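We just call them A, B and C in the order they show up, numbering each chain from 1.
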């Protein structure tokens, strides 16, 4: 993956987070809490669970469609980060060959079940994380964190990180490109160069930090980053959370999917 | 309005590494004046500006605004009176949204919410950027960032506006907007810049810094048309005075 | 490498999050008391720097396999343990959100693995003591190497343990360790060299820089060895307690032997006591990982083993699959429906 792709991906996700849809306007706290509960519920399913995970795809699908987030984009990002989970998970079918079920005459090993479970959980958890940031601006998430009790110091510097993320990525790109233009082929790549580039970037970063601090002082900064109370919880936020929690509870503890299957089987008998 | 008179009396400044950046700077700026600070790189323009709000303190000599002399204790007061706009707006817009940036100053002044919102509205209105309120700074263009940076300083309603290379990163159109905007400001303005044409347009008076001292101080039209003098100080005639050769 | 949500169990995830939040809270508190105003923008911007540096790392060949220059060591050296931990936590948070690297529940694990070890263990216990007051560039390289390798080994081993204790993977301990540790040895070497390289570069180009930052964070912010040891003991006690609680709710061995002894086909329900309650919770929520799965009836040879876990039987049957297909189909329809509805509006 090149620098450019990463940079544009982050930029795109960042821009998507400022869109103007119902989902985007939900209070960040509601979305953060809902997402975390969703994730927790998903991973709380046992090792071999597959069927009961199906309904949970409704959550990311709703966020994605109502939030107008491009599907292919999300899927691509999911694929990019899948290697670790897939790589570890693939050992399951290799190592666990006990037969677990016989479906339509095919015998499935427990290992394949747990692997599939891992893949499904991966899809659900990763898409939920991506959709959280796609539908909630990063500053929104930060404000949610602070209102949820995270230390102000941590959140303040997190906001600074975000603010200067793109600035520093662009600066890094410039430095790298300048080097690329001066190195022909294999000479000029590798460790020494990398260290030099990082060193230069570091010094520039330090100078920038100094200038920013000066700018803050010039506008009266004396220790605490001030802020105005912004969002208030609205009815729709509470409704969103209530519905989500109800959904999670119902589909976690009641075998609805299997029930639907049984009903369907009866109907077709 | 004597309490707005900016005065540098025999100001010397030496950096920790020994560089003598200012060697006896003297000048006086009265209320409402528009003064350009001009000089080659390294002449001391930025250093001079950094004394105006107490980021740097003179090694010897005094910096005063009205009755207030710059000391460690009076720095905060100076920062209320002098608003500095930096060369790189990215350094100056450090909050998550434009609104937050413009509100930063007033909030630090201890104002209540309603007054802060009013200040932000006024300041952004002054630079025609009200529609940018909720945007994060990194989504803005250079011209927009410059405008918002100015707003963030103006929101503190300083008596004196100091600017360091305000047009450096602007495209011609944004630059033109900036010049028109500055002409509408009634504050005392101190503008350090290489852009001699901008200085000509905006500042009726001009101070030339050379080797850490003031080498000329007078009407811009006069000083900036003196070719020989300018070249002596590693400068050139403003482009608008140069013929096409 | 980062821990992933899909491989994580609620128990492990919660524990590590609790640890991370506790350490983060402590670091914030300590820092608040002692730092200079300039630290907050500095920390933020350095976080962005680490992020950008990691991206350069990924795109330059020859600098290491997985392309993840952690940054924990270099941050700890420059900013001190507490600030470095918070910055690492921030960088990982941004990665978790924008790249979905690992996941939001695994974030607690990742911050612990990549933040706690370098900042609160390796830096105070290895780097600082070994480096002393020296500014010798070779010494910096040597100590950085040792430190980075140590930190990464600890982190990698933690990933192994977290995965194992979560119970979603079949990889046995031995194989997993043999997989992770050597890779992270190589990554550690790279990180060591880069850390030393940058420190040395900065020392030579702008020596006063590191000193001035060190001055911004007063000496009181350093970690005492004693405190680290005490923390360790506490952690060990908590971990030991958790593990034994966990073991006690897995009375599989007990069930099996009870069945053998009583000769009853079904185990006598333990209706009373905390074990029953916990077992009930376990059944309902699988809060703790289920290690032993033995399907009932499918394998006559293993009939004497412990009874089947309900989780397997329910669901993974024909009706389950049918139901899943129907549900997924419905979800797709809903999605497409909303899509076209929106499209019409636009």
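Everything below uses one rule, namely that contacts are C-beta pairs under 8 Å (C-beta built on N, C-alpha and C of every residue); 3 or more make two chains touch, one makes a residue touch a chain.
Computed from a prediction, not measured in an experiment: that's the story for all the values here.
Chemist: Based on the averaged CA atom positions, which chain is farthest from chain B?
Modeler: It is C.
Chemist: Using only alpha carbons, which chain's centroid is the nearest to the whole structure's centroid?
Modeler: Ranked by how close its C-alpha centre lies to the overall one, first comes A.
Chemist: For chain A and chain C, let me know how many angstrom lie between their CA-based centres, rounded off.
Modeler: 16
Chemist: Would you mind pulling out the distance in Å between where the CA atoms of chain A average out and where those of chain B do?
Modeler: It comes to 43 Å between the two C-alpha centres.
Chemist: Taking each chain's centre as its mean C-alpha position, how far apart are chain B and chain C in Å?
Modeler: Averaging C-alpha atoms per chain gives centres 49 Å apart.
Chemist: Among the residues of chain C, which are close enough to touch at least two other chains?
Modeler: Residues 41 of chain C touch two or more partner chains.
Chemist: Which residue numbers or ranges of chain A touch two or more of the other chains?
Modeler: Only 138, 159-160, 162-165, 167, 208, 212, 216, 221-222 qualify.
Chemist: Please set out, as single numbers or ranges, the residues of chain B touching at least two other chains.
Modeler: Residues 94 of chain B each touch two or more of the other chains.
Chemist: Write out the stretch or stretches of chain B touching chain A in their complex.
Modeler: Per the touch definition, chain B meets chain A at residues 50, 53, 55, 76, 79-80, 83-84, 86, 88, 90-92, 94-97, 100, 103-105, 107-109, 113, 116, 135-139, 152-153, 156.
Chemist: Would you mind writing out the residues of chain A in touch with chain B in their complex?
Modeler: Result: residues 15, 18, 137-139, 142, 159-160, 162-167, 208, 211-212, 214-222, 226-228 of chain A touch chain B.
Chemist: Which of the residues in chain C end up touching chain A in this complex?
Modeler: Result: residues 1-2, 4-10, 13, 24-25, 28-29, 31-32, 37-38, 40-49, 51-53, 55-63, 86-87, 89-91, 93-94, 96-105, 163, 167-172, 175, 190, 193-194, 197-198, 201-202, 205-206, 209, 284-287, 289-290, 293, 295, 298-299, 309, 311-312, 314-324, 326-328, 331-332, 334-335, 338-339, 342 of chain C touch chain A.
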